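Handing you this structure, nothing more for now.
Read from first to last, the chains carry the letters A, B, C, D, E and F; within each, the first residue is number 1.
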Amino acid sequence: MARIDGRLPFQMRSLRLVTGVNPYAEGACLSAFGDTEVLCTASVERGVPGFLEGSGKGWVTAEYAMLPRATHTRTGRDHQKGGRAREISRLIGRSLRASVNLRVLDGYTIRVDCDVLVADGGTRTASITGGWVALAQAMRGLGRSPKLQIAAVSLGRVGGELYLDLAYHEDSVAEVDLNLVLAPGGRLVEVQGTGEDGLFTPAELADMVRAGTEAAEQIFTAQKNALLGQ
Amino acid sequence: MARIDGRLPFQMRSLRLVTGVNPYAEGACLSAFGDTEVLCTASVERGVPGFLEGSGKGWVTAEYAMLPRATHTRTGRDHQKGGRAREISRLIGRSLRASVNLRVLDGYTIRVDCDVLVADGGTRTASITGGWVALAQAMRGLGRSPKLQIAAVSLGRVGGELYLDLAYHEDSVAEVDLNLVLAPGGRLVEVQGTGEDGLFTPAELADMVRAGTEAAEQIFTAQKNALLGQ
Amino acid sequence: MARIDGRLPFQMRSLRLVTGVNPYAEGACLSAFGDTEVLCTASVERGVPGFLEGSGKGWVTAEYAMLPRATHTRTGRDHQKGGRAREISRLIGRSLRASVNLRVLDGYTIRVDCDVLVADGGTRTASITGGWVALAQAMRGLGRSPKLQIAAVSLGRVGGELYLDLAYHEDSVAEVDLNLVLAPGGRLVEVQGTGEDGLFTPAELADMVRAGTEAAEQIFTAQKNALLGQ
Amino acid sequence: MARIDGRLPFQMRSLRLVTGVNPYAEGACLSAFGDTEVLCTASVERGVPGFLEGSGKGWVTAEYAMLPRATHTRTGRDHQKGGRAREISRLIGRSLRASVNLRVLDGYTIRVDCDVLVADGGTRTASITGGWVALAQAMRGLGRSPKLQIAAVSLGRVGGELYLDLAYHEDSVAEVDLNLVLAPGGRLVEVQGTGEDGLFTPAELADMVRAGTEAAEQIFTAQKNALLGQ
Amino acid sequence: MARIDGRLPFQMRSLRLVTGVNPYAEGACLSAFGDTEVLCTASVERGVPGFLEGSGKGWVTAEYAMLPRATHTRTGRDHQKGGRAREISRLIGRSLRASVNLRVLDGYTIRVDCDVLVADGGTRTASITGGWVALAQAMRGLGRSPKLQIAAVSLGRVGGELYLDLAYHEDSVAEVDLNLVLAPGGRLVEVQGTGEDGLFTPAELADMVRAGTEAAEQIFTAQKNALLGQ
Amino acid sequence: MARIDGRLPFQMRSLRLVTGVNPYAEGACLSAFGDTEVLCTASVERGVPGFLEGSGKGWVTAEYAMLPRATHTRTGRDHQKGGRAREISRLIGRSLRASVNLRVLDGYTIRVDCDVLVADGGTRTASITGGWVALAQAMRGLGRSPKLQIAAVSLGRVGGELYLDLAYHEDSVAEVDLNLVLAPGGRLVEVQGTGEDGLFTPAELADMVRAGTEAAEQIFTAQKNALLGQ
């Protein structure tokens, strides 16, 4: 069965990672997968949270939010702050921290803000992908660099078929939803799979991990180009 | 004394009003005065607030917010919601309502969201200016139109000189700060003048009102072009 | 057209400024314009807010609130804290700070509380007028004094006529609403004008400023008498 | 040992109950015990809380709060809303409800606001005493009346001596603190006794109840006079 | 008239005080009166609240809460935090502090958490009774002990009869409700009596205090056994 | 390398699932994995959330919380409500809903509360496991049953070894953390894997899924016995 926009099952939407989009932030990247757009900024601050004082480590954290009209119908600002946004913020922060040796950031906190301008599915994976570019740019300004490159993709099962990079109209009817955060070499940083409307098998899980790993290679290239300013 | 960026005292920064920036909103306009950028969307909803039920009137309201890294240094999301943001939201909503005959909106609420992407001074006047474009576009979708065109400009006194459209580096040292919301023909919708660091005279007030009125004419033209898609 | 209570267009309601109304506060003044009553207290505290530490400056701030039954029908306490009360608090604080050289208050914060006991229009201008008396009294206790006397009046256009010091029944139908904070010599501290239900011209603005300036002279006298205990 | 202000152990401070202090409220009473001043208003509203709908009963409730400078040093508004204020609100509401047959109020809610202007000890008992006057006045406006008159007094043990109606300087060093809400004939509505800094015996409890009962008779007379407008 | 469960008017329900119910807390006691079950833990922390710093005193405080399904029908978690829970927390904390010389706790804060697992009436008195056991156990771990043993019982008037230790079905129809916190020798720490649905006389108050004093002796024995591990 | 408590790598701690632990709830189960204890109750309520009205479906939701002293050192109640608790609540609710045909619950909402009494690792999996028992029991009371049995287990990598059912001392040093929600036949409901301190390979993921599937069979048996009251 063909996908509505004609893509192949494991084909990603057009990907844009644009730097230079904020005059003040130490790192900034507009991350777009198809219509989905997330503005990611990385802010470097002196000091670390209380629980890290004297530990020799710095800190990386993230905040995810949506503009009210990122969605098909407007979502009130109060609803933006619920458990879902905080859960996604925690996922982004955890993933970005996995890419960094916190010891090289001793004395600094980097806050990565991911504000969704348009939400057409895959906003959390677009946030991680663009957030990493902003983070790497901010670290470069400090003369440092991440220890690891990371990228994220979403997958799912729709009508019994496994698809990569679901748009909203697919995501909203998916039986299974999987978000992967990946490092080069097919290694896994995060696996978040949910049977929204049906169960899945270990074999399906393995197939999706394999497809995500391949897609990640394209994203790694795009991230490098964005950091080179190409 | 020359202005830092070489502008004449009553010269406006380059103005961009761009429509077509959001695939879902009934009206949308990116409003930029120099580096300042505000993303304005207008959302049409069925229904009116309780206090208007059965009144034969619709409603227009606005919400103003900043992305955390719109500012030189990051501002926490909690600080975005304080009295200042709500005060500005109220000003924008009041101004936009002045441009509309609420009776032609009976049964509808239009919410105008003004989210500041970059804050280099004049964010509230950019919000009103772009918010009106988004509002007019949303009303056009309903087969209606505002009764009045409105635009906003900021003025101030810096080092004894009266200036138009202050950038942040000017605004932060201004002795007097004035925001005007204007309708064609030099008529006033709102006057908000504050002696931040000094008093001002009725004559200075009159001079600033006159300069603002002239600048508004350029803005009215840009708004019309944006709505025509030029 | 005559005003309901028989006043002339630019005639103020009876004004009472009463000190000695609180046994604990460093400054206190009951400020009444007609039926409107605001209890203003000034509290001197050691220490300054964080952003002023080491600056050689003290601080003056204000909080405005209404008792639930200050209004014709009861207003819940939760509704008292919304954007409107904070916006008025900010206006009062800004105005009072304009009257003081913060350097003479180094090491001190003065908090001016303006609690509305009865709200018959003009509560923000009564708050500024009485708040300044409380502030001056508190500064006298420290052996200091404000650099400037300030007072506030409201004006508006009702049925096409310009009026001074609107009572609630006038304010609720006003087309234009103007609040002025004034210093001696007709100088302006704050101008807040709103076309609630109609536009206004620069000429109308100038007329209202002139009438407000004249009324302020009576208020300045009443403030001085209150401080003298007369 | 004599009391600082020369009163006898079981002597009450001068008591003032003044009606006519608010132009809008259905009932209003300024309740003063010595320096302590509480402004009590009763507001009649149509409708009852959800849990009483269809029960044939109305409702009476109370809210207690302090102005920030009611106290020797200023208390922040946020601190006014803590557990203590709500606990006192609940006590006042419970006591006032005990004085009323809720069936005669079917279809109405009466809200009694007790706002402390000056707090020199005994603010909760002053609130109940004055709140009842405001409530009775509001019920009279509905052609109804309470089934019972109630009044409240505080007592305590200071330096081993039992005292009536403690002022702040006594209350702050009391070993035992007792608040009584009483009906005519020495009957008890509420007894709230606390060994703040020491235990007390059943005999001491009985002595304080007896002294409170006698003092209540004076208060009942003052309440009646206030309602008669004397 | 017999009680539903066949108890005599002044007969207590079966009482269980069980220690050893939490592997981490410095003190812990499951306190059960009939079906009512409260899990009390005492946590020892280094440091004292700001207002006690340098005073030579430590601190004891309490928090009372209910699990959502402690009640016949589920109570939302938000409703658990209202004024009632804080009022009870304050009562428990005040009572426990009365049992301790705070000077022997210098440098420590002990937090007693009382979480109601099943609420069949008398949860606040079960909390004080079990909370004291947890507190004493925690102090023993510090090589210290309370200066006083305390216990709490509830009483009430149902259908004109005075009853001890009311279960929920009795409590919900009681005309008068009395909670006593007692020390050995019939001395009183707290008396909280409320005419929920009727007045009470000083003689009834005295009778209930006498019955409560007798019941407390059984509780004191059970507390001692619990601490001995019997 | 042996585990501290002598268990084999894929050996579960002793498991207890005890029903009959709450006299009021429609379903209740104490779920203990080793020292970890979670009290799960299921409450049946009439009515469904607004978004399901008229849909022919009922609803199942969950709330997860910890008692303050469930942890080695006390955790304040405010910290219990943060993003983590809501994230876990959402996971539990989503998992339980996957086990039920919501159409058979039309007109009902079942709320499953999971309150952690002791937290020694694996509290979210213990909550799902015991929550399902409480849910099934509550449904039985309605004459219905879940469409699917579900159970949850945690796994992780510690020192390079893969372990099942991590206790707190293992969980706190795990490099990789995996929570699985499983249905009979090795099918997956949820997969939540995180490289807390290291990456993992698809092969490691597959190994852990296999071990979790085997452990789930024991849990399914224990759940059935608990429901049979054995």
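To be clear about the criterion, a contact is a pair of C-beta atoms (placed from the backbone, for glycine too) under 8 Å apart; a residue touches a chain by one contact, two chains touch by 3 or more.
Note that this is a predicted model, so its numbers are computed, not measured.
Peer 1: So which chains are sitting against chain A and chain E at once?
Peer 2: Under the touch definition, chain A and chain E have F as mutual neighbours.
Peer 1: Expressed in steps between touching chains, what is the minimal separation of chain A and chain F?
Peer 2: Between chain A and chain F, the shortest chain-hopping route counts 1.
Peer 1: If you line up contacts by residue number, which pair in B-C, A-B or E-F shares over half of them with A-F? Let me know.
Peer 2: Most of the A-F contacts reappear at B-C.
Peer 1: Using mean Cα positions as chain centres, tell me which chain lies farthest from chain C.
Peer 2: Farthest by centroid: F.
Peer 1: Please flag the chain sitting at the greatest distance from chain E, going by CA centroids.
Peer 2: B
Peer 1: Over half shared numbers or under half: where do the identical copies chain E and chain F land at their interface, same or different?
Peer 2: Over half shared, hence same.
Peer 1: Is the C-beta contact count larger for A-B or for B-C?
Peer 2: Per the contact counts, B-C leads.
Peer 1: Averaged over CA atoms, how far is the centre of chain D from the centre of chain E? Could you give it in whole Å?
Peer 2: Distance between chain centres, rounded to whole Å: 27 Å.
Peer 1: Whole-Å distance, chain A centre to chain C centre, using C-alpha means?
Peer 2: 51
Peer 1: Distance between chain A and chain D based on Cα centroids, please, to the nearest Å.
Peer 2: Chain centres of chain A and chain D, defined by C-alpha means, are spaced 59 Å apart.
Peer 1: Return the residues of chain A touching two or more other chains; collapse runs of consecutive numbers into ranges.
Peer 2: none
Peer 1: Should the ring be read from chain C with chain D in second place, what is the ordered list of chains?
Peer 2: So, from chain C then chain D onward, the ring reads C, D, E, F, A, B.
Peer 1: Going by the contact rule at the top, pick out the chain C residues touching chain B in the complex.
Peer 2: Residues in contact with chain B: 82-84, 86-87, 89-90, 94, 98, 178, 183, 186-196, 199-202, 205-206, 209-210, 213.
Peer 1: Which residues, counting only chain D, touch chain C once they are in their complex?
Peer 2: By the definition above, chain D touches chain C via 22-25, 28, 35, 39, 41, 43, 45, 63, 65, 67-74, 77, 111, 113, 115, 117-118, 120.
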